[in-house]
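First comes the structure, then the notes that go with it.
All chains are identified by letter, namely A, B and C, in their written order; residue positions are counted from 1 within each chain.
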Amino acid sequence: ANAAPTFYFGDGKKLTIFQMVQVWNVYTLKNDPFNKDIDARNDIYIRRGRIGVKGKLRKDISFKVWFAYDNLGKNEASASTGTANANSAHENREFYIWDALWTWHLDPEWANISIGYFRPQVGRESITTAFKVISFQKALTNFDVRKHIVGRGPGRETGINIGGLALNKQLNYNFGIFDTNSTKIVKDIGGKSDKVGDGKKWSPLFAVRVAWSFRDPEHKKYKMGYTQTYYGKRNGVTVGLNYTYQGETDVFKSNSLRGVDLLANFGPVDFVAEYDWLYRKLQTGESGTDTVWSVKAGYNIKLANGQIVRPSVMASKEDIDK
Amino acid sequence: ANAAPTFYFGDGKKLTIFQMVQVWNVYTLKNDPFNKDIDARNDIYIRRGRIGVKGKLRKDISFKVWFAYDNLGKNEASASTGTANANSAHENREFYIWDALWTWHLDPEWANISIGYFRPQVGRESITTAFKVISFQKALTNFDVRKHIVGRGPGRETGINIGGLALNKQLNYNFGIFDTNSTKIVKDIGGKSDKVGDGKKWSPLFAVRVAWSFRDPEHKKYKMGYTQTYYGKRNGVTVGLNYTYQGETDVFKSNSLRGVDLLANFGPVDFVAEYDWLYRKLQTGESGTDTVWSVKAGYNIKLANGQIVRPSVMASKEDIDK
Amino acid sequence: ANAAPTFYFGDGKKLTIFQMVQVWNVYTLKNDPFNKDIDARNDIYIRRGRIGVKGKLRKDISFKVWFAYDNLGKNEASASTGTANANSAHENREFYIWDALWTWHLDPEWANISIGYFRPQVGRESITTAFKVISFQKALTNFDVRKHIVGRGPGRETGINIGGLALNKQLNYNFGIFDTNSTKIVKDIGGKSDKVGDGKKWSPLFAVRVAWSFRDPEHKKYKMGYTQTYYGKRNGVTVGLNYTYQGETDVFKSNSLRGVDLLANFGPVDFVAEYDWLYRKLQTGESGTDTVWSVKAGYNIKLANGQIVRPSVMASKEDIDK
């Protein structure tokens, strides 16, 4: 469900208050392999709860600040992934920034500069919101990519990105520099908080994405959010190439991602695929490349009352390098 | 104080931004029995601070998402109950979800289905907001009932509820199923967080309430929030019967509540009473029934300038079974 | 950047949703004296992130409730001051109340009564938001004053204040009583949370400020927020005298501040200065007075396109009494 009323104030100013939610009901069988010896159980919880504001500060500056209260009410022994919402003092007490970014549309077509806390623009599954993927849950290409490049589940990092559209909106490019500080990427060597990274070595994370569309373009105007379905209204294909590189930190000598993804929307048919190579060379000298892929297909059936039902299938697999 | 501006967007969509606050000033005497040997002290603090949004996503779906920052600025040595607002790192840093629920008005009169994180609809004192009770603070019938059925002070749990009005709005019914996960109800047996329950045994919590009104109905349309005063405008009586049942968990063999409550509003007179039997059979085989009751009366005096002053009295007592 | 759309609802009711943000980019050299032996590093982070609502509940009651998500994405090993945003469970998870106050404009000119969680009105640098000072960062007169009187960085405390304007708006006065509960001011002696103060001794904090303006007044109507620049539109000088006193707590026998501050705005020139004496007599009998001062000057240059560039300089020093 989502509500997105928008207010207009003249001079290009506008403000939208928006919210999105996924309430899940997960039934866990008695003989769940990860939870032997426990009762079967039913778990109703707020898998994703989001609320925030977005809009324009003036004609050429847009912003988005939203918050999450995910996994609220989750039973810890339920078989679904994800950590139950709790801080160290109480259950159901976490409310935190999801994205906070400001974009200056220097040229609204080909030069949009964003700053703040947001997703490095690589990997279609990671940069598409869970509310716009065609599968029930996101694929492994979301979780593995995020863990590999920024080390945290929400996939956000602070940085700067420049992006735009070109060649009659057929080409979409993004180039970003990020300053990683997850302990999983840069290590914690004993500062004030052991939750925040402060390793001795430092290197920036570079992230590049180039996507070409054939026939209908993917975006009519530049944006950093994507969708996997146009509810039957797009006829086009988009191929994306993704690349990240980060040099030495206390965790690795170097770390990079190479990926290719594809989105095809032809009338009622939606098809999405992604393949990523996750390379890491450790401080010990060892190196390896994990791979992860996902394929999804959906078919939009328009009902007599205007609503759409879309059955879809997904396959996704990770292959860990020894 | 409260502010509740509402915006309308056509197609039945609307959005209200609302806030409520109670700033308390508590003076604690030097010879307070619970805090011997300390200075008398005055404590100004935000007892209840709430802010959120509610509205309609479309004509037949309403929602409410609000947040709390209770007990902010509370002195720990002040005699009033409640834990000072703090997380493990800092004081005054807790901001958390209070309710998050979405209601589908399948039939706005007799079939309203709600899902999310909200109060099981039992016990008039628990399901009436602190901003609409006629006493200064809520009665023990609020705190004891919540602790007994869901194990947490805010009294919220994730679940599904169906409710409605019938017989010319004289009958109000609710039936809900909830998935408890407080450690006080289901125990923590060592998952990721010791703040969230994950016991081996699992049983759902069922909650039922049926209320009959005589003369003026309590509600003109179905809602899950209640009031104890109509500021002199209602002439009617409502009697409610409440029942919950939960089977075996790691904490108990079974747990249930039976309760009866009464609201009478006759012109300037407001009268509220509740009696609850809290039954629990422990895993050790022992069982017992605590009881708790409350009675309140208020009288609305309309001043010349249209404002209302309402003196009120309350008595409330719990009786713990040995 | 800030966005402040305002909605009007009749009867004097209004509501503004506002946000403010400072994204900092801090480059830390390899031989930083505080972080020897680490790589040079670049740190992009949200130094100050704020979002909230303010407005009027009715013609004579205004309110402001806003929240902070400061230091999000900060690298712990970066040379800039401030603690990285994290709770004990996760990085980037703190979202907390900044101010929550309600003002009753009994007489909008000379008698405005505020209650809630807000800054004691002393010390121009402390009571001016970081978004309205003429320097890049606030001066030591902000940090030292706050630490001395309420013991916490945000400088907020719960209390009551009465203030107003008089003598044709040339005089601005404020008098407040606050109930301190920071462990740095009242100590923690072992209650539920070691983050919240609960010392045996108790004394209120009194805070008084009187400011005289010459030529253009500082404020056209009473407010508790200040600015250090009028972008070339004011011709006036304001001199403020500040005083606080708190009696015995578990930390000190008595604690007080005396301060004088000056704001001069003459066309394009902005000049601000403050000098504070921070007196404390410890429980051990020792006493001392630290001093802190700051001086800033800026010059507003109006560009052809209407924008303003303002170079400014600042000097600030603290002198700790032995």
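The criterion applied here is as follows: a residue touches a chain if its C-beta (ideal position, glycine included) is under 8 Å from a C-beta of that chain, and two chains touch if they have at least 3 such contacts.
From a predicted model like this one, the values you see are computed outputs, not experimental measurements.
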item: Chain-level touch network, classified as line, ring, star, complete or other; value: complete
item: Residue-number overlap at the chain A/chain C interface, same or different (half cut); value: different
item: Rigid-body rotation angle, chain C and chain B, from Cα fit (steps of 5°); value: 120
item: Centre-of-Cα separation between chain C and chain A, whole angstrom; value: 37
item: Junction residues of chain C, two or more chains touched; value: 7, 17, 86-89, 94-95
item: Contact footprint of chain C on chain A as seen in their complex; value: 7, 9, 13, 15, 17, 53, 55, 57, 61, 63, 65, 67, 86-88, 94-97, 100, 102, 115-117, 152, 156-160, 178-179, 181-183, 186, 188, 191-193, 195-204
item: Residue ranges of chain A touching chain B (in the complex, touch as defined); value: 1-3, 5, 7, 17, 19, 21, 23, 37-46, 49, 51, 69, 72-77, 83-95, 193
